[in-house]
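This is the structure I have questions about; it appears just below.
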Amino acid sequence: MTTATAEWKVRIQKEDFNVNDEIELMKKVSRNIGGVTTFLGTGRAISKGETISKLNFEHYPEMAEKKLEELRQKAIKDFGVIDMSIIHRIGEIDIGENIVLIVAASEHRGETFKACEWAIAELKRTVPIWKRETTGSGEVWVSPTP
Amino acid sequence: MITVKYFANLKSIVGREEEKLDLGAETTLLKISEAISQHSPNMGELIREKKVMVSVNMEMVPLDAVIRDGDEVALLPPFSGGV
Amino acid sequence: MTTATAEWKVRIQKEDFNVNDEIELMKKVSRNIGGVTTFLGTGRAISKGETISKLNFEHYPEMAEKKLEELRQKAIKDFGVIDMSIIHRIGEIDIGENIVLIVAASEHRGETFKACEWAIAELKRTVPIWKRETTGSGEVWVSPTP
Amino acid sequence: MITVKYFANLKSIVGREEEKLDLGAETTLLKISEAISQHSPNMGELIREKKVMVSVNMEMVPLDAVIRDGDEVALLPPFSGGV
């Protein structure tokens, strides 16, 4: 099911990304793009009542990228978007910093919202990435929330 | 040889990131969990109680999956990426 | 109902905008932002089967800004997002260029998708902005589509 | 004086962007449409047939709205912003 992708479309990386640059890359895919929905997840200062000072993400290399590519292809197939890109950062991340970005582009907006919302939920459920939070009481691995 | 990989909090439970097990040409997850139990009883139990997910060669598998020599088995606690 | 806003939050302008810059402005509003959904509308090359070479937007000055601010406040009140910004460009716009941006930020992602999707539909319905398309057969004012 | 503003395609129908009408202290949209019909019969008809929306001082109003001296009336074809 997984086929070759232009490498920028699914990435797991330590470095930050620039949302505008990612959208401009996506816009080059087709002159028929009329709507682009993006979801950006960022590090919150408070989680379940606890003050967070830092986040740390770990992934299963290769498998995580493979699962992102499967998500991307399913989004195109099931929602009819023109294309989707997904980037997830790993390593140390400060409060307010970017964590994850999903970009869904299509002719019309309806499918971009649906595909983007589905992709972030599915990413949390199916992609082997784990979060560690640093709080006043130390470092803890996080249990998933929907 | 089978490669077993541990992720996130499982690494501290077993005190390692990865290990190699020689269990013949074909084995089962149950047998792998018993081999792991020899150094980390808690970890073996987590597998048998389905408290961790298991992938073989990067695809999720059920507890009764058959594992072959050369496979990469990964023990995966619930994912928490995305936010 | 309309009260003073930091001026960057609702804007109608000729100049292009940078999505990353707009998101960074939004992130400064609260350290509790964990999800930011954006919708970007861009100029498509084909509309209803006709090839478009250029777009041109006109607005009712003051009223359009007032309506955008009402949208923004209703999104905060009805969907519980932390904040929203809305930018619409006017004047001449080429194919592929940015037209409109909506940024919805909140602690969790659910409300940001809902608020963003509602806001773009409501903008089309209630904000006095008009589009003129240049096609092979000349310039035409566009009838609204949902 | 009442200010009447035209937008988008309505400007070419009436051949102007704006005009001032003196219709006393209080008037109605119907009377305004009749005044407009003197130079642009089509435009007057569009108003009476509700084919354009009308705002007074930047709020949308129904066809039976009362218009006062000093008000800004705008004639608005269906909006098409957003994409």
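When the chains are written out, they are named A, B, C and D in that same order, and each has its own residue count from 1.
In the analysis below, contacts are C-beta pairs under 8 Å (C-beta built on N, C-alpha and C of every residue); 3 or more make two chains touch, one makes a residue touch a chain.
It should be emphasised that the depicted structure is a prediction, and the values quoted were computed from it without experimental measurement.
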Chains touching both subunit C and subunit D: A
Joint neighbours of subunit D and subunit B, given as chain labels: A, C
Whole-Å gap between the CA centroids of subunit B and subunit C: 49
Separation of subunit A from subunit B, taking each centre as the mean of its C-alpha atoms, in whole Å: 27
Intercentroid distance (Cα basis), subunit C paired with subunit A, Å: 23
Interface hub residues of subunit A, defined as touching at least two other chains: 34-35, 41, 44, 109, 120
Residues of subunit D engaged with two or more neighbouring chains: 83
Contact graph of the chains (line, ring, star, complete, other): other
Contact pairs between chains, per stated definition: A-B, A-C, A-D, B-C, C-D
Footprint of subunit A on subunit C - complex, ascending: 18-21, 23, 27, 31-46, 95-96, 107, 109, 112-113, 116-117, 120
In the complex with subunit D, residue positions of subunit C that touch it: 41, 44, 57-60, 62-64, 66, 88, 99-100, 120, 123-132, 141-145
Residue ranges of subunit D in contact with subunit C within the complex: 5, 7-9, 55, 58, 74, 76-83
Complex interface listing, subunit A residues touching subunit D: 34-35, 109
Residues of subunit B touching subunit C in the complex: 83
